[in-house]
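Two complexes are shown next, each including subunit A; its partner changes from subunit B in the first to subunit C in the second.
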Partner chain A sequence: MSPAPILSAFRQALGEAWAGGAGALLPLGFFAGAAVLVPLGIGTEPGMLRAVGPGILWVSLALSSLVTLERIFQADVEDGALDLWLQTSAPVSAIAAAKTFAHWLTAGLPLALMSPVLALMFQAEAGTDLLSGALIYGLGGLAFFFWGGVGAALSATVRRGGLLIALIALPLYVPTAIFGSMAMSGAAGGDSAPLLLVASTLFSLALAPFAMAAALRLAAD
Partner chain B sequence: MQLGQRVYSGDDVQLLTASGLGILRGERVLFEGVSLTVAPGEAMVLRGPNGAGKTTLLRMLAGLTRPEAGRVNRGAALHWVGHRDGLKPNETPRTHLKLWAKAWGADADVDAILNDMGLSRPADVAARYLSAGQRRRAALARLMLETRPVWLLDEPFTALDAEGRDRVLAMVAGHRQGGGAVVAAVHGDAGFAASREMVL
Partner chain C sequence: MGMLSAFANPHRFLALSNWLAPLFYALGAVLIGWGLWQGLYIVPKDEYQGGDIMRVMFIHVPAAWLAMASYSAMAVASFTWFIWRHELADIAAKAIAPLGATWTALCLATGSVWGKPTWGTWWQWDDARMMSVLFLLFLFLGYMALRAAMDSRQKAARAGAILAMVGGLNVPLIKFSVDMFTSLHQDSSVITSEGPKMAAVYLWPLLMSGLGHSLLFGALVMTLMRAEIWTRRAARQRARLLAGA
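Take a look at the complex of A and B:
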């Protein structure tokens, strides 16, 4: 098996993301907007912000990952590219994983890079390691995008399937959200939380591509 | 691809066989008991009114739709050109052909193919600015990227002008001369001598 179709799918998905103009920035704006509105809503008392900050960021991250997922497979169904991708020599699961990873690179990675700035807005303590925080948000985001990709593949033939994606994906987000918040807030048992987060992300990377492949075959059927 | 050169030897080889194909759409039997064989050099034309199942049959032959009954035997690689062109809105004909040449590992001269298909002028125009006929030409140009024995074409002439139609007919003729086979759903005059017609 040659990896050429997988690389082509990856490159096409990257090109698609940037060709949409500001489309790739939409999740970023949503993420920043949601996080900035919270202090305005609950008041600016530093202790309170410090306590709720990590949780708010995880919720915002989960919701912003859903913003652009709707199109990643639906567009392929509409323009006929899905038929072509299903007929390459590469496994469909690898194609789907490449497309989802490309989508995470353009829409999810900027969220992780933005997270230290937002953490500062939530009065993160001076000693907090913001970079490893960004890594944790990045890993969690990767799991969010892969589970969301399953929802996107399942609703690829559904018009305005955004709500459906959220309904399918949000329950799958639960482990990542729990371990992620534990890792960031330093709650009891927080020492092993980063490892559990990595495990849940690896689990999504291992499982989601096969679910996406099955869903995409059904979408073309 | 060199025209007229026999690529596949032996006329007794079946490139594609299907037996007893049937499918349900909702609660309705769309068709059942459809069998066909396609040998090198043959062109099969599928006919039937709108909604008779021509596209569904082609998708079954391509392996995209799973038949509820019967089976398809694909003895050779195939090209699929469906009624959706497969171009991304921001893709140009050139990037489209280069992408698929790379994905298929085909060593094709993209510039020559663009020229052959009359796409040298809009070669670098994004698909969303192209006319339906130009997009159709770009989709059909994929047939020339790699030599594959079986072509499955769903309404290949849709949106093409007379000149584009002639080009496709020449491509089909060359493909058949080289021992390739074509299965096409066509409305009206097929333009090529079909070795078999199937009415759904």
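Take a look at the complex of A and C:
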């Protein structure tokens, strides 16, 4: 096996994400837009915004991962790239993982890096550790992207698969969302929440690539 | 393996289910009927559990048990199909999904009805079991939507099997994560290490009702599976006729 196909898929996915017009700004814009709608929808009382802020950021992160993922494998099915991958010696699971990771790098990580700004806008208290917050959003986002990738691979041949991806992936997002919001809110029993969050992210990294590979072999038939 | 192959034969399944399904329907109806009669008219009400409303338990608890059992059954059937490609396993998984979703919805609905007078709320977001069952319903719905979106039966089977297996592996994690919330529910009182804690007057109607619901579920699964087998045969027959014409 040679790593060349994996690297080329990774580079191609990075290129795709950057070439899409506004590059990484597009998901950032979506993330910010979704988060900013909330105070308009529920009111601007600072105490309430402080309470719901971390949760809103999780929801926006989940939504923007779903929006980004909709077409990551569809194009490869349509232009034949998938058939070529299946003929290389590199495992499809590694190629799928590399692509998903590239999309997290361009659309997930920037959101995590931007989260301190939004947290401040949501009236985070002075002294909140915004940087470890960003780390937690980043790790949680990785799990979102990998589970979402399973949904995207399964619906790669489905026209207008976006809603389907959401329905498939949302139950799989649950542990990450729960551990993530517990870690952010410092709720009772929240001490172990960051560790559990990392564990559930590792679980997704271990399992999702094989599910994506099985789904992509199906899509190529 | 020998036993699995024996069950995987559609002819044998049709012959077996031909008498087993009616038997299950009849026994299920009798047991559910007896359980409901006992539950609604005979057993004393329990003021601690909300008075007369606790009688909904004789539907709610069997529905909860079937919600979990049916997803496990669907995941096992999917795994069996994915590894050994026995067509009957896929037919079973396909048949279980809508029925499992129905009982899961029944569990949520009866739970809501019971929760309103007892806990003062139709729905509680931080109750672990309510949330687990709700996500189970989403897993069923996603499974059905994915199958429906595929353009061939073979693809529907493969995609469905992958999703059911991924979902099955995630169920313990989902369960564990929602358990981190505090729960309104009482601890299990039927299956405990010291044996059942529930008074026998409630336990027997509950167990019989649970068995009845399980038999009814099994009978409905068999009926849907039979319908699917005949549908596939008809499709094959039609293809043969068209090819010959």
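Methods note: the second predicted complex is superposed on the first by the 218 of 221 C-alpha atoms of A that agree within 3 Å, B and C clash if a C-alpha of one lies under 4 Å from a C-alpha of the other, contacts with A are read in each partner's own complex, and residues count from 1 in each chain.
Here, a contact is a pair of C-beta atoms (placed from the backbone, for glycine too) under 8 Å apart; a residue touches a chain by one contact, two chains touch by 3 or more.
Because the structure is a prediction, the values reported are computed rather than measured.
Aligning the two structures on subunit A places subunit B and subunit C next to each other without any clash. Once the two complexes are overlaid on the shared chain, A:38 sits clear of subunit B and of subunit C alike. Contacts of A:107 after superposition: neither subunit B nor subunit C is touched. In the overlay built on the shared chain, the residue A:96 is in contact with neither subunit B nor subunit C.
By the touch criterion defined above, A:178 lies against subunit C but remains apart from subunit B after alignment on the C-alpha atoms of chain A. Looking at the shared chain after the overlay, A:12 reaches subunit B, while subunit C stays out of its contact range.
By the touch criterion defined above, A:221 lies against subunit B and subunit C together after alignment on the C-alpha atoms of chain A.
Using C-alpha centres, the superposed arrangement gives subunit A a vertex angle toward subunit B and subunit C of 90 degrees, stated as a multiple of 10. When the two complexes are overlaid on their common chain A, residue A:79 makes contact with subunit B while staying clear of subunit C. Between subunit B and subunit C the least C-alpha distance in the superposed model amounts to 5 Å.
Of the residues of subunit A, those at positions 221 touch subunit B in one of the two structures and subunit C in the other. Listed in rising order, the residues of subunit C touching subunit A in the complex are 131, 135, 138-139, 141-142, 145-146, 149-151, 154-155, 158-159, 162-163, 165-167, 169-170, 173-174, 176-178, 180-181. Across the complex, subunit B meets subunit A through its residues 59, 62-66, 80, 82-91, 95, 99-100, 102-105, 139.
Only residues 2, 4-5, 7-9, 11-12, 15-16, 19-20, 75, 78-81, 83-84, 86-89, 220-221 of subunit A touch subunit B when the two sit together in their complex. For subunit A in complex with subunit C, the touching residues are 150, 154-155, 157-158, 161, 164, 167-168, 170-172, 174-175, 178-179, 182, 189, 193, 196, 200, 203, 207-208, 211, 214-215, 218, 221.
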